[in-house]
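Dropping the structures in below, format is structure tokens.
Shared chain: chain A. Partners: chain B in the first complex, chain C in the second.
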Partner chain A sequence: MLDTVREIETPEGVSLRLRAAGAFGRAQAWLLDTLLRAVVFFVGLGIFSALGRGGVGLGLLLLFVLMWVYNVICEVWFHGQTIGKRALGLRVVNADGTPITLLPSVVRNLLRVVDALPGIYGVGLIMSIIDPSARRIGDIVAGTMVIHAEELPAGSRVPVAPALPLPLPLDQDEQAALIEFAERSSQLTPQRQEELANILYPLTGREGSAAIVQITAYANGLLGRP
Partner chain B sequence: MQLERIGVTLRPRTPQEAMDLGMVMLRAHARPVWSAWLVFTLPIFLLCQLLAWWLGMPWLGLALPWWLRPMFDRIPLFVLSYAVFEQAPSWRVTLKGQRTWPWKRTLAALTWLRVDTNRALRLPMELLEGVDSKQRRARWRVLSRPLAGVASGLTWTCMAFEWVISLSLGIFVLWLVPKEALPDSMRSLDQALSLPAFRNALVWIASGLTYLSMSIIEPLYVASGFALYLNRRTQLEGWDVDLAFRRLRKRLVDAGLAIALFVCVVCLPGFAYAADKRSDADRTPPQNIAEVFHQPVNDKDTSFASEAANVYRDARFGQSRNVRHWVRRTPSTPQADASWLGGMFANLGAGLLNVLLWGLLAVLVGALILFALRRLRIAKASPGESSETPRPLSSIIMREMPLPEDLAVAVHELWRGGSCREALALLYRGSVQRAAAALRIPPPIDATESDWLQYARGMEDSARRERLIAIVRTWQLAAYADRYPGDADVDALLTGWPAQQVAS
Partner chain C sequence: MRQEQFVALHAKEWDALRKWLEQLDRQPKAAMSAERALDFPQSYRHVCHHLSLAQARGYSREVTDRLQQIVLMGHRQLYRPPAPRWHKLAMFLVADFPRLVRQQWRYMLVALLLLYLPAVIAYALILWKPALAHSLFTTRELADFDKMYDPANGHIGRSSGTDLQMFGFYIMNNVSIAFRTFASGLLLGVGAIYVLAANGVIIGGVAGHLNAIGYGAPFWRFVVGHSGFELTAIVIAGGAGLQFGLSLLAPGRLRREVALRRAAWIGARLAMGAFAMLIAAAFIEAYWSSIAALPDLVKYGSGAGIWLLVLWWLLRGGAGGKHAA
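Up next, the complex of A and B:
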């Protein structure tokens, strides 16, 4: 089964699912960051140039900070997200799912020089198309990856109804499917809702709209509602 | 379409994630996609170049392949749409398959829809669903409502990617070709640009680079659009829920529909009759076509017969398979008396087992009763026992009591009086306080015996050091091991500093 998820199992038996982010989102985040930094640089240069020749030096220092330090600071102290990544819902983490620390962040940002060859990220683009987790060379060397940080809402949109206990125990993913159905049934056409609910006839013992009501009641029971 | 055959994990995804899934799909089926792509597009590209050269318009070599992209898009989409549900087709099958896919929509995409930025999303809808124009418009509205921005974003991003790749290739070539290898006329760009031959060469090179970058990115573009389409349909039709429900239903039916139904009946008595009506387990599969349609079927209808034969030719229906299992060469004939004897033995065995099990139960129950009785006795006996708890070994050592003026005499009196523990405690307490005074440190309230041993080792006078260590050790032995020194040892400890005040 094809998926973008990289699954990591901790020694405690908890499986972490890292949803690797590909070149599209990352390129857009980079573009956003670059535009932002350009604006900051030119505004800063405008202010500093009022100070004469020394001001230009300060402006160049600002450029240096924006190019080399901005990414590291954002990644280490702002949950692995630069402003562009935050806007796109991306996050840098270590390849084992832990938050990124200083050294990997410095390494991956220093190796931008290689990924940016020949000045327009040609190498980085090709690498992230080839690599299964869409990592560029800096990510591979530093042992990091960029993931989708935003979770889709799960279980919060189930319509409220009187709960019913399940007639027999179900696996975790089967319970999740019941909740998923209750949550998304308002987005489906009524015919499709009934079609789906009828599949579960052996569980509900009902057909048609009564089956939909029944599954919604089970979902409410699974969510611990009264 | 059979959802059970899908080779992609279905789950709700954000559009961004769906596009990344497209990249994963393309990576998994890279070989069939790109082999078919090259076989289909390379001859067309070369033809375009030939035409441009023949007409003497080099820019045509750049523009024509760009214009024909919607036609090229059919190839990756064909491969991926089959690869997701079944096997990825070879390039031969892909090329043959182009005849069966509708060309009308491709013509539209090549003409008035050429500058449509939502092409990646429109393509799978038009080529895979094949609905007529009125339905198509409604369908497009439903499909594209939340995705129009994302789809055109995909187009712009892919365009940028193509620029990045072709420019990167060009820059690398410029970097890596030594200056000496360039013809003299190209040393100066201004001069070179004035030559028409050079300008033409630039256009040829550009069209080559564009074709290369298009070959890398265009399949990616189509794959991501297809993934967006799959994700949107999963969302609209609950494909993932459908799959999960089907798996659950299969498990319930396999695990014994009767049990599930029994539970349902117990839980929901009002719906018991509904359960009887439709128990799939009782229904035998239809044996012939007449049973399926509930009416006699005209076997002599040739069109029907050929249709049926066609259906059975489908790989999903007319399958034959080999099943191997062991069969006795000589079929065993049951012998009457042996079975009678066997039955008797079986009865005997069963009876014995029955007795054994009942015996086991009796032993278990007996053991439980014994256990309960013993527990009861212990519970009854315990309050009496608690009165005989031993007196605590340690007696009260008066910490708050002020130290006597003459420590040696006080200790000696206590020792004589028989309260040895108190005597040694007093000696220890007094000694460490005097030691603290001698060392000129505030008496630490939390100092342990080992701390005092440490302090003692820091004393300069060796005799005092030895004595203080001896006192601490003696106290430790008394306090923790309940071992007491002899009278002579105590007298030795009490002479001199610290027990007796010595003018120093």
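Up next, the complex of A and C:
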């Protein structure tokens, strides 16, 4: 199982899988939000400046809203997604997987002050690299995390091959191991692939590259492909 | 039961729920008024049950992933927070916030001393030796203060700018300070202590300097109106930062993470209350305090009234009554 996946047990007794979003995706979302806010601010300033000097006041109010309020409103009323997060497919949720509420959102966004030290999110970056769920300080204190909103159907990267039924029933973890091997074996050297596939000799009855083909076929069968 | 039979038996129910959940994301109103909305909790729990069954029986990932996704979508809807209500906001401002301030009175007292002691000391020192003002402020800043509070000025407290411009400036500036004071409390409270003491020295210094050069009257006439909300809000934000920092330093019987989370929730509510107070202060400061033409009685009378209102609100708000905790 990937180490960024968190299993949350719901009151119904089934477990949800939350995939924590890493620092890079979150930085991209933040950059997008920041650019967008800068554009809105300057367009707004252009419009308000037609109103004379009072317009500067409106510009400052706009800046205040963009700096402090924008994130909270987006997170609480738009399913935990700012525009940048939406574009990157990220979502803020409470640590138990429920949608984020007002107070945690206020806490995590106020604490940007600390995470943003010194200058451009140094503390936040280091914390999200250290933390197993890539949370920055604001997330840890508020009890929230940023996850990938769209659950990738597991096994979508298994190479397509004619499917074979399993010769004997396997339990959930064993099935997952087969599928993940099929998904990721292309990242390994052929020698290592064969070495791992050979472990399953009792299941496949084959050795070497034939075993790899056999496992891929089983994985296709498990995924319900023809 | 074999997997194919299981899917054939229940697929219709799964697809119906999934379709309704997708509709709920796109057109919430139409989806909620559909008859299916009534069945949602029940059919969601059915699907949860099916997922458990599928996992226990070792059905393939094709089925479990399909169910997992429906459960994820359903969980998000079933456990979403209730919509915020205006009534709750009003209750917070009238009762919960003052109660919270009183509950945290120790931190508020310390924050109060951290703001007012440096202010009084700076004020007294500059009255005693007016030249000391030059070691606190640059000559340019002093010239600005002199211009802002010149008794001949039609608008007190600003050298130029309209009411609206100053309102925007006060909101941006003061609320940002309050928020930073709270958040920087995380640095073991050092941030909050620094902001409080530094603001105290500056406020006391300006007051001392203007009194020393004989511009005291316009200064007090300006600040008396909004200071009740503004200074108290800064004290509250500082107190919120102090308790936040102290929870990290001395978590008591809790684990640090838990203590920190608890303190952050208290602090965030205090910061939101301070935010509301600073909006009130900015209104008064921009539209009322700056009017120079009013007689002293109106200025000082309204200022005293506002101070009494703030103190009464914070000391008595939410005490007694049927909602009392």
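The criterion applied here is as follows: the second predicted complex is superposed on the first by the 125 of 226 C-alpha atoms of A that agree within 3 Å, B and C clash if a C-alpha of one lies under 4 Å from a C-alpha of the other, contacts with A are read in each partner's own complex, and residues count from 1 in each chain.
Criterion: a residue touches a chain if its C-beta (ideal position, glycine included) is under 8 Å from a C-beta of that chain, and two chains touch if they have at least 3 such contacts.
Quick caveat: nothing in here was measured; it's all calculated off a predicted structure.
Student: Looking at A:Met67 after the superposition, I want to know if it touches chain B, chain C, both of them or none. Which is it: first, second, both, neither?
Tutor: After superposition on chain A, A:Met67 lies in contact with chain C alone.
Student: In the overlaid three-chain picture, which partner chain does A:Gln28 touch, first (chain B) or second (chain C), both, or neither?
Tutor: first
Student: Should A:Gly97 be classified as contacting the first partner (chain B), the second (chain C), both, or neither?
Tutor: second
Student: Name the contact category of A:Gln187: first (chain B only), second (chain C only), both, or neither.
Tutor: It touches chain B, and chain C stays clear.
Student: A:Leu222 in the overlay: touching chain B, chain C, both, or neither? Say first, second, both or neither.
Tutor: Second partner only, chain C.
Student: Counting only touches as set out at the top, which of chain B and chain C does A:Pro202 meet: first, second, both, neither?
Tutor: After superposing on A, A:Pro202 lies in contact with chain B but is clear of chain C.
Student: Applying the touch criterion given at the start, work out whether A:Leu170 contacts chain B, chain C, both or neither, answering first, second, both or neither.
Tutor: Touch partners of A:Leu170: chain B and chain C.
Student: Do chain B and chain C land on any of the same chain A residues, and which?
Tutor: 170, 176
Student: Which of the residues in chain B come into contact with chain A in the complex?
Tutor: These residues of chain B touch chain A: 7-9, 12-14, 16-17, 19-21, 23-25, 27-28, 153-154, 157, 160-161, 164-165, 167-169, 171-172, 175, 216, 220, 224, 235-238, 240-242, 244-249, 251-253, 257, 259-261, 263-265, 267-268, 271, 274-275, 278, 280.
Student: In their complex, what parts of chain C are in touch with chain A?
Tutor: 44-45, 48-49, 51-52, 55, 58, 60-65, 68-69, 71-72, 75-76, 79-81, 84, 161-169, 171-172, 175-176, 179-180, 182-184, 186-187, 257, 260-261, 264-265, 267-269, 271-272
Student: Could you please specify the touching residues of chain A with respect to chain B in the complex?
Tutor: Chain A residues touching chain B: 1-5, 19-25, 27-28, 88-89, 117-123, 125-126, 129-130, 132, 134, 148, 150, 152, 167-168, 170, 173-174, 176-177, 180-181, 184-185, 187-188, 192, 196, 199-207.
Student: Which part of chain A faces chain C closely enough to touch in the complex?
Tutor: 10, 12-14, 16-17, 52-61, 63-64, 67-68, 76, 79, 97-99, 101-103, 106-107, 110-114, 137, 140-143, 151, 153-155, 169-172, 175-176, 179, 221-224
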